[in-house]
Amino acid sequence: MFTQAQSPRLAQRRARVLKERAIEMVLFLAALVSVFTTVGIVYILVKESVVFFQQVSIVAFLTDTQWTPLFDDQHFGIMVLLSGTLTSSVVALAIAIPLGTIIAIYLSEFAPFKLREIAKPFLELLAGVPTIVYGFFALLFVTPILQWFYPELPGFNLLSAGIVMGVMIIPYVSSISEDAMRAVPMNLREGSYAMGATRFQTAVKVVVPAAFSGIASAYILGISRAVGETMILAVAAGMQPNLTFNPLEPAATITSYIVQVALGDLPHGSIGYQTIFAAGLTLMLFTFACNIAGHVLRKRFRETY
Amino acid sequence: MATVSVASSVESRPQPSAPLVPKVKASGLSFYYGAFRALKELDLVVHENCVTALIGPSGCGKSTFLRCFNRMHDLYPGNRYEGEIRLYPDDINLLAPGVDPIEVRMRLSMVFQKPNPFPKSIFENVAYGLRVRGERSGRTLEGKVEAALRDAALWSEVKDRLHQLAFNLSGGQQQRLCIARALATDPELMLFDEPTSSLDPIATASIEELIADLKKKVTILIVTHNMQQAARVSDFTAYMYLGQLIEFGRTDELFIKPKNKQTEDYITGRFG
Amino acid sequence: AQQIVKIDGSSTVYPVTEAVAEDFQKAKKNAIKVTVGISGTGGGFKKFCRGETDISNASRPILKSEMVECAKAGIEYIELPVAFDALTVVINPKNTFIKQLTVAELKKIWEPGAQNKVMKWKDVNAQWPDQPMKLFGPGADSGTFDYFTEAVVGKSKSSRGDFTASEDDNVLVQGVSRDVNGLGYFGYAYYVENKDKLKAVPIVNEKGQAVLPSLDAVIAGTYTPLARPIFIYVSAKSLAKPEVKEFVQYYMTHGAKLSKEVKYVPLPDKAYAVSWEHVMKGKKGTVFGGTAEVGVTIEELLKREAKL
Amino acid sequence: MPYARDLKSIRRLIAAHKRWDLVFACCGVLALMVGLLTFIALFVDMAIDGVPRLNWDFFTNFPSRHAAQAGILSAWVGSCLVMLVTAFVAVPLGVGAGLYLEEYAPKNWVTDVIEINVTNLAGVPSIVYGLLALGVFVYQFGFGQSILSAGFTLALLILPVVIVATREAIRSIPVGIREAAYALGATQWQVCKDHIIPYSSAGILTGVIIGMARAIGETAPVITIGALTFIAFLPPSPIKAEPPFLSFEWLTSPFTVMPIQMFNWTSRPEAAFLQNAAAAGFVLVLLTLAMNGFAIWLRYRLRKNIKW
Amino acid sequence: MATVSVASSVESRPQPSAPLVPKVKASGLSFYYGAFRALKELDLVVHENCVTALIGPSGCGKSTFLRCFNRMHDLYPGNRYEGEIRLYPDDINLLAPGVDPIEVRMRLSMVFQKPNPFPKSIFENVAYGLRVRGERSGRTLEGKVEAALRDAALWSEVKDRLHQLAFNLSGGQQQRLCIARALATDPELMLFDEPTSSLDPIATASIEELIADLKKKVTILIVTHNMQQAARVSDFTAYMYLGQLIEFGRTDELFIKPKNKQTEDYITGRFG
């Protein structure tokens, strides 16, 4: 009697397996979209950059100290833009990482439950404000305040852009770090408290080390955000290609250069147009390196509670 | 006949001999998780240098009770104590609002159900409590860590890898490490919450032995769901049910002649 | 189905075209739709020569390379001057030592060789103070930049690179108004709107007169060489579409009033009439020959147009 | 008995330690204040400039050269339509990808690559997405500078956010539920369809909203693909009176979005436009606030309702 | 004397009377979590309409063994079976690569340690298995759901709130709901993994009663860490230790006269 039942059952099963396979395939394709996106980005950037690097040697690109691709006297020293990007990022991170970490520790270990529930989403709003709004905020609000303390400060400078950027990045750092700290099992904390430790001791000596890998990824994301931020810098940092590591000066960054040119929409094929892809590629490689470093770090310090 | 299960281990044990001095005494202790009353007017005396076991079916409030002693419940909002727990010889009420929970925890230490070593080296794990108490001298630390590890019967196994991560130890070793960590600070009372429930029989046996040894130095209150274990290691046993202390007495008496019908039902496995 | 006039190009011409577009749509009761984008003169021509837009705003005449590109795609165009802009050199109101500037001085400040050399005011003129200059100018992608470099340095796109550049002229206004040592240049309209925050510098023309930018000065032809015409280029193919033609007609009839309204210098009425005639007759091409020229006055422009 | 029994020194020690607790708690509150005060300063600053401009007309008027008549109708409609496309693309893709990675993916290098890739994409600067979109959507696929291009671009931009949120939400479903369903003989897809997706939907929605709140304020990539600035009409309506009642013409329509409109206004010479910009910014921030607020509420409800 | 703990419940139970027919038979079954061999060459026969209990200390592989029967391990990567489990009367090997695990699960159902109702209504919870099997008709569904709930002794308690969320039930009710859910699909064999370990004594008693009732209809394999429970509910008991089957036999025989020393040690509470 079992054999009788078998053949319709078998057919049913084949149909089911087929359907399952098809669905899996569709979902797999959805997951692949992210890979296609990366491939697309790399393809676009590399395609145009290749043409660019046929005309500009990589050595010159990396060592020249001037960046004037749109001028009569053309120079293509990416270091100039990179210095602006790095300086503004360092300023931003100098704000975001300490403040973000302190906030994360405070919210996860110190704050009363209610405050945490309110403060965290409120902070996340900071990440939701359009960056162009921040740009004008930096230019029209923060810079004058800074000038009040330090009158020599030029109207456009990396400092105020960096500070505002830092504030914008705080929630990325604090939110993810806080999640990581909250994921530290309560029994670790209880272990520490049971030894007579205070909150601060528990937080710093037990919770932070245990959540290290999560905190590291928060930092990495913060770095990528800082490096990739565009509009704040375009508005408030003064797009001046200036090889400087002094945050008190105006400077152009890779991203602000890209929007500037993108706004101008130089003719396709001109070397000026291709510079944005070379610059974009540099940026992409930089963030990519950061993320890989973060991935390795996370693998190495993977929590094993 | 394999049926004489619990009594066999009780009968063969030596009786506590020294005169009994109370170490802690809970009286009229109730505890509330928010509106839920998890403990109902408990009274219990724990005698110095004795092992007192708390048994009872799951959810009866054993852990809740144990955690009152070192004010673990203070860590979470909405919890409320009623009644008192007095610590002797000082005769202070551990639950009094004026008493700092940190101070309480510095005197009473706790070992948890699941081993919870810190993500640090073995050495640092044991030294943690000392550092928290302000000990800086490397010499002293080393000495105390070694002594604690020896007391926890772990020294020989880890002496060559004190600076490796504690996570690399086996479950039983981790649990002994946690005991060493608690021991290092010379606690007056040690609280164990089902310390062997996540361990294999061999590790369990080693921990039980350890507890038997430790009671010479320190008073012990232990929660267990394993009646055989309670019978093996404890001098006194308290049986709890639904947040109430149903029966308390010498372990041998309680297991062989429980006064209470509920206790008897539980011990004979009629439920739980 | 939809009648859309697509316009893109210079941000300098944008206010004029936008004003025309707005009024035109209202006049047509929204039956015809007009879009105006900003992607710079160069960018505008790129799209124009690909046939993506009907009209291109240009703050300078079309260049050779762009003519070639358009020719390749078979796009023919009619050049229509729509107004004049007076590039204005501005300084901070607190700056007291600059009374006027000659082209030579401007060149000394802005030429590529000045980079890392002429960093302080006294490097330009020994009588000026020993203070660092803070320079502001439009992005190197803009027609304003091209024109200014051509007029001052003598070569398009030839400029020092160490100045604060922005596509957004308000950002430049902010920069100069906040910095005592600031100096910048941009379109006249931005100066007019920010007179309280900025000071315009009289520019010494070939005749040796120091002239402040103003409507009259431009019409009189004395504000040279920083006055320049701005244009729209209409695709000949698109003119076949009635909506485009109507739009251009509207532009030519109301251009004077509207450009004045948005603080540009309007051409004489005659000029718009001539231009409309060119459209009607389909006179294609440019009167500039694909090179950038500076100091073309209204009068000269009219003469050239007439000859086309 | 050095540590435990010397009560006095213990108390002193605890007091010293607790001082650190206090210091740190103060630092924490201060740090929080920095964040919150910045936000409040920003918001109030914008409100002071912008709120007087907020009236019904501001939402129902098209942009205009007269600051007082200018409104954000085309901008907010554009933003809404772009968001619609973004949601339609990002949600299925993101949820599909998250589902695949959590429920289906075998442990092999392909999965690893996808996973690293998703984290990496989360860190890619938005401007780079703009470049991708310009090359791929605008020119390669020929979508042009349309709502479709912008929607796709922003969808890719928020895809990592949606994927991560989906995975988080799925991970919070206990294995017990999954195993229970499998034990009843459900196939993998049935488990996903009947359990995983419904139970994680609130979490997913939260992620989508947060992603959208980010996308709606994005300027750089939309500028790169060339959103228009002056557009005084609405895209064709998606709903028609006659069958088939739905029209997709709007997808290819030119458009502008809120941040672009704001960007445009900030670069106008007239100060009155800066107020418009502030008003538009205020609306934008309110919008993101509302979206985030909704997400928070959702997260709160989710935590309250389903206690695993 | 309260010491005759296990045997008392065994002796009073009626013996399985019907002739024994094998339902499933594991032979040479080994199981690997990746490289870790959790089960070592097990052989076991489960007889039709009997309750077979698996006992053994924590970590001995009881759950692992149970989960082999309905191929739960297939859900996770890196797991590997060796040997076979034959299902009678068809005599197919459940572990054969050609056998679809979904088909296996459609015939064998499982109840877990912690009640795990879906966050759906009570009705939908019970109906889910039927829906998965393609049942659409509302009439049939209602009938079957009611029957299953009755069999699980839950009908009277929930019949007025079938469309409320299952989460609102108490723990014991939830567990009975999970049993009803499993019953609704008319399984040939039911697998229980410590079904009462998270329940209170009263709920436990009701589940045990239920199991005793159910065996008239269905064959049952149950994992428990509670020897008394095994003694109370099962006809056959298997004692496992460290992944091996140490002893298997009629429950009465195994508890009263274990053949193996290890089994005896475990039953008498010498460890575990």
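Chains: A, B, C, D and E, in written order; residue numbering restarts at 1 for each.
Heads up, the rule we're going with is that a residue touches a chain if its C-beta (ideal position, glycine included) is under 8 Å from a C-beta of that chain, and two chains touch if they have at least 3 such contacts.
Keep in mind that what you see is a predicted model, and the values were worked out from it rather than measured.
Participant: Out of curiosity, which chains are bumping into both chain B and chain D?
Facilitator: Output, common partners of chain B and chain D: A, E.
Participant: More C-beta contacts across C-D or across A-C?
Facilitator: Comparing C-D with A-C, the pair joined by more C-beta contacts is A-C.
Participant: Computing the C-alpha centre of each chain, which chain sits at the greatest distance from chain B?
Facilitator: That would be chain C.
Participant: List the centre-to-centre spacing of chain A and chain C in whole Å, with centres computed as mean CA coordinates.
Facilitator: Roughly 38 Å, centre to centre.
Participant: What is the distance, in whole Å, between the centres of chain A and chain D, each centre taken as the mean of its C-alpha atoms?
Facilitator: It comes to 15 Å between the two C-alpha centres.
Participant: Nearest whole angstrom, what separates the Cα centre of chain C from the Cα centre of chain E?
Facilitator: The computed centroid separation for chain C versus chain E comes out at 85 Å.
Participant: Which residues does chain C have that touch at least 2 chains other than itself?
Facilitator: If we look for residues of chain C contacting two or more partner chains, we find 38-39, 167-168, 171.
Participant: Using the touch definition from the top, which residues of chain A touch two or more other chains?
Facilitator: Counting only residues that touch two or more other chains, chain A contributes 16, 140, 196, 198, 201, 263, 265.
Participant: So which stretches of chain D touch two or more other chains?
Facilitator: Each of 14, 17-18, 187, 226, 266 in chain D touches at least two other chains.
Participant: Sort out for me which residues of chain B touch chain E in the complex.
Facilitator: Those residues of chain B that touch chain E are 1-9, 57-59, 197-198, 200-201, 204-205, 226-228, 231, 255-258, 264, 267-272.
Participant: List the residues on chain B that touch chain D in their complex, please.
Facilitator: Of all residues in chain B, those touching chain D are 90, 100, 102-103, 106-107, 130, 132-135, 185-188.
Participant: Along chain E, where are the residues that touch chain D in the complex?
Facilitator: On the chain E side, the touching residues are 70, 72, 75, 77-78, 102-103, 105-106, 109-110, 112, 114, 116-119, 128-129, 131-133, 167, 178, 181-182, 185.
Participant: Which residues of chain A touch chain C in the complex?
Facilitator: For chain A paired with chain C, touching residues are 66-68, 70-73, 75, 139-140, 143-144, 147, 154-156, 234-235, 238-242, 250, 252, 260-261, 263-268, 272.
Participant: How about chain C: which of its residues touch chain D in the complex?
Facilitator: It is residues 2, 4, 6, 8, 11, 14-15, 17-19, 21-22, 25, 30, 33-39, 52, 167-171, 173, 187, 189-190, 192-194, 261-263 of chain C that touch chain D.
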